[in-house]
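Following are the structures in question.
Same chain, two partners: subunit A is paired with subunit B first, then with subunit C.
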Partner chain A sequence: MSDMDDMDDGSGIVKKFMFLNRKAPHGTVYALEGLEVVLITAAFDQDVSMVFTDDGVYQLLKGIDTKGIEVKDFSKTYRALDGYDIEKLYVDQASMDARGLTEDDLIVDVTVLSVDEMANLMAEQDVVISF
Partner chain B sequence: MLHIVNKSATDRGSLESCLAMATKGSAVLLIEDAVYAATNGSAAAAKIQAAAADLKIYALGPDLAARGMAARVLDGVNVVDYAGFVDLVAEHKSCQSWL
Partner chain C sequence: MQFGILVNEGPYSHQASDSAYLFARTALEKGYKVPRIFFYHDGVYNASRLATPPQDDRNVGARWSKLAADYGVDLVVCVAAAQRRGITDGVLGDNFRISGLGQLVEMGIQYDRLVTFGD
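Moving on to the complex of A and B:
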């Protein structure tokens, strides 16, 4: 094997990416920007997990109607994520509890994790990106 | 006096600061991410309901709807539209935004 064969242009490397979403959807631009970066990452065939914790759990609520505030309703995009092979969606149990929310209130199927499970998931990532 | 809060009570301390400073008979209008505080099950729900004894609490309807919270508003919270927002500003001698 030559030295050239050891070099890699980056294609074919799959890293574990976690996108950590901690902001409510419309008061800041973080949620929308985070969603767009997730879609870009998926286009590079990476191993993507999306995590929703703290006010980030509000991003996934059903029944969002943004007509009155005249901004884009991107909540339906979460339902399209599995079309981009993004199927690992996690929410934090304590964040849901603190906001009076249950899985039935959410627009997509998620895996609910305890804080310890969430910590382990974070620890095993190659890259964590926070929004 | 009209107090306006626009940040989530589970992200910032502005609602708490506002409620500590608002005197009896004042109005508090929750807008943008602050509206979550005025919903059933929120961590701030008890504080809002306690405050409603001495203060008039309002929440902006379009911001509730944009957050999927239109059907979860706490009892004792008055929902207003943009015209109602303008009326509140006009009715009160002064206004404080808790940015």
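Moving on to the complex of A and C:
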């Protein structure tokens, strides 16, 4: 996407942006439109982390097929994130456990964090945007 | 202290837009700066001048326009979210403008706090 290459606000400031993904990939538009913000933020050369928690862990599930509900399947975008230098992907251990999921069920490599570890990571951020 | 505000829900169906407005107005009245408010997801519907709510209720769109007029707040509507929902330049209320997501990212970079209102 050429409009997202090398954007710059002119300040040279790099902040830590965390995107907190809490919703299932389909059913609402939050996950799809949230991804757009993540990609633009990376294009501004900011320090981007993505966290998947609650039903948000389903965004990374293998084998998503949206044919039956006739909506856009944007699942592949998550696998392309490293092409945008977005490599800090975290999932919440308790959310995975509650849904019977393990890392093997996910389409990308992630770091699984406990609640305490997640809280510490969050405390380090400059900007937290929740979708 | 400069606040950026992100509004992620439409008017009337959700309190997020009311809460965002009250937060912004109160911050401005107390002398804080709110240089820009960004409307995303269904929040873009806040910008429609076509809404005609009942006379005995608040007019959410007009209220935003007045806040911008009174305090010089930049009301920015995400172009991609707006296009999905039929919000175009032709239906924008006073003092709203349509622009890209970069305007939201800039708020995060440049302001002291970015406050999100939504689900």
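Keep this in mind: the second predicted complex is superposed on the first by the 121 of 131 C-alpha atoms of A that agree within 3 Å, B and C clash if a C-alpha of one lies under 4 Å from a C-alpha of the other, contacts with A are read in each partner's own complex, and residues count from 1 in each chain.
Note that a residue touches a chain if its C-beta (ideal position, glycine included) is under 8 Å from a C-beta of that chain, and two chains touch if they have at least 3 such contacts.
A quick note: this is a predicted structure, and the numbers were derived from the prediction, not measured.
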{"item": "Which of subunit B and subunit C A:D65 touches, first, second, both or neither", "value": "first"}
{"item": "Which of subunit B and subunit C A:D55 touches, first, second, both or neither", "value": "first"}
{"item": "Touched partner set for A:H26, first subunit B, second subunit C, both or neither", "value": "first"}
{"item": "Subunit B versus subunit C as contact partner of A:A98, first or second or both or neither", "value": "first"}
{"item": "Sites on subunit C touched by subunit A in the complex", "value": "6, 8, 40-42, 80-81, 100-102, 104-106, 108-110, 114, 116, 118-119"}
{"item": "Residues on subunit A engaged by subunit B in the complex (per definition of touch)", "value": "23-28, 54-55, 58, 61-69, 71, 73, 75, 98-101, 105"}
{"item": "Subunit A to subunit C touching residues, read off their complex", "value": "3, 7, 9, 11, 13, 15, 17, 29-30, 33, 36-37, 40-41, 44, 46, 126-127, 129-131"}
{"item": "Interface residues, subunit B side, partner subunit A - complex", "value": "6-8, 10-11, 32-33, 36, 39-43, 45, 61-63, 65-72, 81"}
